[in-house]
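Letters are used for the chains, namely A, B, C and D, taken in the order the chains are written, and counting of residues starts over at 1 for each.
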Amino acid sequence: MFKKILVANRGEIALRVIRTCQEMGIACVAVYSDADRKALHTLCADQAIYLGVSEPAKSYLDIEKIIATAKNADADAIHPGYGFLSENAGLARRCEQEGLVFIGPPSRVIQDLGDKTIARKIMRDGGVPIIPGMGCAESLLEILTDEAGRIGYPVLVKAAAGGGGKGMRVVHEENELADACRQAAGEAAAAFGNGEIYLEKYLKRSRHIEFQILADSLGNIVHLLERECSIQRRHQKVIEETPSTVVTPDLRTAMGQSAVDAARASGYVNAGTVEFLLDEDGKYYFLEVNTRLQVEHPITEMITGIDIVQQQIRIAAGEPLGFTQADVKGRGHAIECRIYGEDPENGFMPSPGKITYLQEPSGPGIRNDCGIYSGFDVPVEYDPILSKLIVWAADRNHAIARMKNALSKYVILGIKTPVAFLMDVLASEPFQEGKTYTDFITTHFEGWRQKTDEADLAVLAYIIDEIARPRSPQAHITGTTGPATPWQTIGNWRL
Amino acid sequence: MDYRLRIDNTDFPVEVEVNEDLQLNVMIGEKKYIVDYTVISDFCIHMAVDNGIRSGNINAFTAYGAYGKNVVINGRSYMVQDIDSLAQAVRKGRQPNLPNEITPPMPAVVVSIPVSIGDLVNKGQAVIVVSAMKMETTLCAPFDGTVVRINAGINDKVVPGQILVEIEKDG
Amino acid sequence: MFKKILVANRGEIALRVIRTCQEMGIACVAVYSDADRKALHTLCADQAIYLGVSEPAKSYLDIEKIIATAKNADADAIHPGYGFLSENAGLARRCEQEGLVFIGPPSRVIQDLGDKTIARKIMRDGGVPIIPGMGCAESLLEILTDEAGRIGYPVLVKAAAGGGGKGMRVVHEENELADACRQAAGEAAAAFGNGEIYLEKYLKRSRHIEFQILADSLGNIVHLLERECSIQRRHQKVIEETPSTVVTPDLRTAMGQSAVDAARASGYVNAGTVEFLLDEDGKYYFLEVNTRLQVEHPITEMITGIDIVQQQIRIAAGEPLGFTQADVKGRGHAIECRIYGEDPENGFMPSPGKITYLQEPSGPGIRNDCGIYSGFDVPVEYDPILSKLIVWAADRNHAIARMKNALSKYVILGIKTPVAFLMDVLASEPFQEGKTYTDFITTHFEGWRQKTDEADLAVLAYIIDEIARPRSPQAHITGTTGPATPWQTIGNWRL
Amino acid sequence: MDYRLRIDNTDFPVEVEVNEDLQLNVMIGEKKYIVDYTVISDFCIHMAVDNGIRSGNINAFTAYGAYGKNVVINGRSYMVQDIDSLAQAVRKGRQPNLPNEITPPMPAVVVSIPVSIGDLVNKGQAVIVVSAMKMETTLCAPFDGTVVRINAGINDKVVPGQILVEIEKDG
């Protein structure tokens, strides 16, 4: 087993990986940028090494810096988390060259599956159902128009190198096609340095169902059941749950087998996620493979009892899976709500800044994977995810009730969060009935505003706060956080 | 004691007095509340609120922020402003984010500035792109005009209220 | 189902019950004494009603006050938690008389099982193995001496009305018997108002193994597997775990059946715990039935996925158990550490006082049932339990590693706690090997002192704190807690 | 800058200076540490400690208490005392819990007082019983003597350092 792992990430996911390393008795090295000098992952790792300025390209995305830091720190392996370099075949390749273990699939697999059109070909050849559409990227509008006609409108323009909803456009009629292709290609070029696009059939009222897979280096592959991630905003997941309300045991077996087939067809090793779209007729189609730990992996951990990060590390160390498909059993129901720093009343606009006060919910069946604390300044440079609130309960209704209660106890002062929005989604009839399609938020919660029936209580609290406290707003703004840095402080002391 | 408070766009006229049991009697508009409270910490106040129907125990969390007092109750977050001090702030010219000015909607980093000083721009034309938490926002010209000043550079950190690009109206 | 439940308790267990009520959509009423005006249960319930002065007899133990408060608040039912009135047949009887539902067994069952000698008779008649010993209480020394001779030394002098280790003495030789009986009777009279004693065989190197049972009012009875609670100080449990390292599947089936037999023999309804001693030969003996929710119930919840408090409420409302014995399956391993306010370097002496700062551990598989917060003043009048740290993991080794890591992240400033002691117990060879007998602490940890190998770090922290902070100790002592009470504050404001 | 600190019964002589990289050079006895630190909150300090073998990241939690500064690191709790200010406190007579005085070992409530003023008591005889968190502790006469004062009543809350019963030594 590894002696030391470098965690090439930040925030809640870096902490998640650090925790498992510490429990396994493996030393862990955090890396940090200027913006993250006081970040929790910097504080909680066994060792923290400075990478560079806050700009991602000069710190968390700088492959050579990460490699050099790992070698200097005598790390055996690198865990990339999600985002940043986690799906970068270049980092995996450099690790392979430098004798470091990349905790993820081989670089070739990342590269193949990172190109959507190559991935579609691998899956088709492996017998995995794919969405009707083109086999390779195309730039000629004439050919794209022909293909769109053949596929049938509505079609989806997608970036071959895509991800995170960028370079994606729905086209309902032929006369919209040219513009959509141009915009998508431009966006893709800007986001991924690759403007290649292709067309797929657009599936209306579909659900996003994904299967967690684990594959060891000896060829053993299992899936850890499904996750339904249909509740999305800007093509990013907001609420995930498992099991899905619509996946029957038979469908679970079939989709699970397809997920395992997908892993086998691509030569997959380590943890990954096979994403499918499920249409209203119960037909499912391969969407993509995420070749990394998924943000929503905790809900699978909650129902299966399997620590996915620990499995990733064991697999990367060459150990065989210690269990078979028959050993994987789901128990109860788990839901995750992503707590972003954003304003749901204002187009989910980012809301970075200082967390004046934080109080996390707790109790039976509640897990909060959290990367912030009272006094932490949420940087403007990185992903807006603050924490992931996860609940487990014996059944879906109890899980929903538990999540609503937990959200109502979550206190984050200083920046905007979607806590109240999430409470309303969970309480809504379509959610409670399991009518969770990918257009859920636009259909049911477009232009959402927070209810005002308890605003009087906020007025009372304002007044009591005025009456009960000394009238020095400054004292409140600084809160419990000492603004001192070692330099300032030592400076003063030397005078 | 009287207050005039605002949450979102709703105004709340408030009258407060202490009753013989040392509780607060609060009138918010026409509604009457009797409140017992305990200060729990710098950020938490416990209230027992009676408004005829007993509504019981409330934990309220409060902190001052840039635009007012942030109050969180039962998972909902409110920005409560004192109208009187707001008015004062406006008189002092502190009101941020006036509609006709090019200022970021959130703390952000400047990604690109597709215009130069002296450029003629049309209403709706992109003049500066900022990014926060991996989401890019394009700020556009609010009217036809000429770019007369650019107050930010690429990679600068900018905040709401800061005027990034100044445009002189045509005519 | 009930509309409103009064929780006749305080601290972490009151919060535990309140959480489940809130998730079930049942309103909950907390009661509090002077010392608990700012206690978490007072703050977090839907409604909080003042009971009286801090002295337990005049607040939490005052049956008539509790009954009157429940009726005034329109509560349908009373949950007694553990301790206080939870095993008081009088409260259960008064509830029955007043048309309130007591969430626990019928008063007659509490009364029968509360008398150890009657309980022994019920169990013997029900075919449950009991420890060799006397069938009824006795006060004549002559008869006690004869009985001790018949049982064979060492014998245990026990209070008939006993509990919590009070009125209990181990006697190794006949000449110690008279003194031990006198002391035990005196202690029992003082503690329970009943000085009756009897003798049992004393089992050396035994383990404390208990089975959680659930019995509905329709006669369905299941057990929820065992808990091993051998690590004790002053006959009070400190660490509990499930499964036990020595309970084989066959033994589990046999003991589980005995537990169900015990419940049936006593006419049990609701949740309860059947305690056994297990000797080195694998023979087990009935010890007692705890006719209430047990402090350590969370470890059973962690491995079975069953919310025991929710089951208590459902059973009390007359619902049938929704599952059978075959549905009860344990998964993984759970450990609980009790965090008392006490000083393990000084005979586990109580340590009440102000919590200057609290930071709770969190992460996958970690649950902290906690009754304190930063700034809370732990009262001198009540039980020293501050919180229960519970971990779950796939196997015992991982659970131990997780618990050690969680303990090392637990920060409680202001009062003494056994956190460092617990870390050492978990790291010890006898614990890791599962050699957990009831004499574990006296055998391996008598006179324990905290290791000093990291004391230099404390010195460094002291110095940095001096250098980096303003030199006003007062500011540190008050911490983040506003000392204002509504009366003081309103007073000032009126001037 | 020099300190003389005490933890438990061990003394730690300390010398501190700031090096050219603005880190602290700390000598504790013969051992040398180089420390970078960051103040995280009122109660938390982050230290990167280098003592030759890189020992890395430490989060230390500190708060003043009645008997010194409480420091928690890696689950262990230390009471760190400044010997110089301790000595001062003793001169001012603030040192609590002298062996020959009858004072509770923890904050407690008085349960019973089995002696009266004027009683002759023997060394080891129970003179007052206090209770904390449901555990009773009996305080005994430290020597043979006469009870001359009783400073507490039943149900009184008492704290360490408070002399509950005063006994005049025989002879």
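The rule is short, and it goes like this: contacts are C-beta pairs under 8 Å (C-beta built on N, C-alpha and C of every residue); 3 or more make two chains touch, one makes a residue touch a chain.
Nothing here was measured: the structure is a model prediction, and the numbers come from that model.
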If you tally C-beta contacts across B-C and across C-D, the winner is C-D
Between subunit B and subunit D, tell me the centre distance in angstrom, where each centre is the average of that chain's C-alpha atoms. 49
Taking each chain's centre as the mean of its CA atoms, subunit A sits from subunit B at a distance in Å of 30
Multi-partner residues of subunit A (each touching 2 or more other chains): 467-469, 480, 482, 484, 486, 489-490, 493
Note the residues in subunit B that touch 2 or more other chains, in rising order. 24, 37, 39, 42-43
So which chains end up touching which? A-B, A-C, A-D, B-C, C-D
Using the touch definition from the top, list the residues of subunit A that touch subunit B in their complex. 55, 341-343, 346, 349-353, 356-357, 359, 380-384, 407-414, 416-417, 419-420, 423, 450-452, 454-469, 473, 476-477, 479-480
What residues on subunit D touch subunit A, complex-wise? 18, 22-24, 36-43, 46, 48, 54, 56-57, 59
What does subunit D use to touch subunit C in their complex? 3, 5, 7-8, 10, 12, 14, 16, 24, 26, 28, 31, 33, 35, 37, 39, 42-43, 45, 47, 49, 58, 60-65, 69-78, 80, 105-109, 132-135, 137, 155, 157
Give every residue of subunit A touching subunit C within the complex, in rising order. 15-16, 19-20, 22-25, 298, 301, 305-307, 331-332, 360, 362-370, 393-394, 398, 401-402, 405, 467-469, 480, 482, 484, 486, 489-490, 493
Subunit A - residues contacting subunit D, complex: 37-38, 43-48, 373-375, 480-482, 484-487, 489-490, 493-494
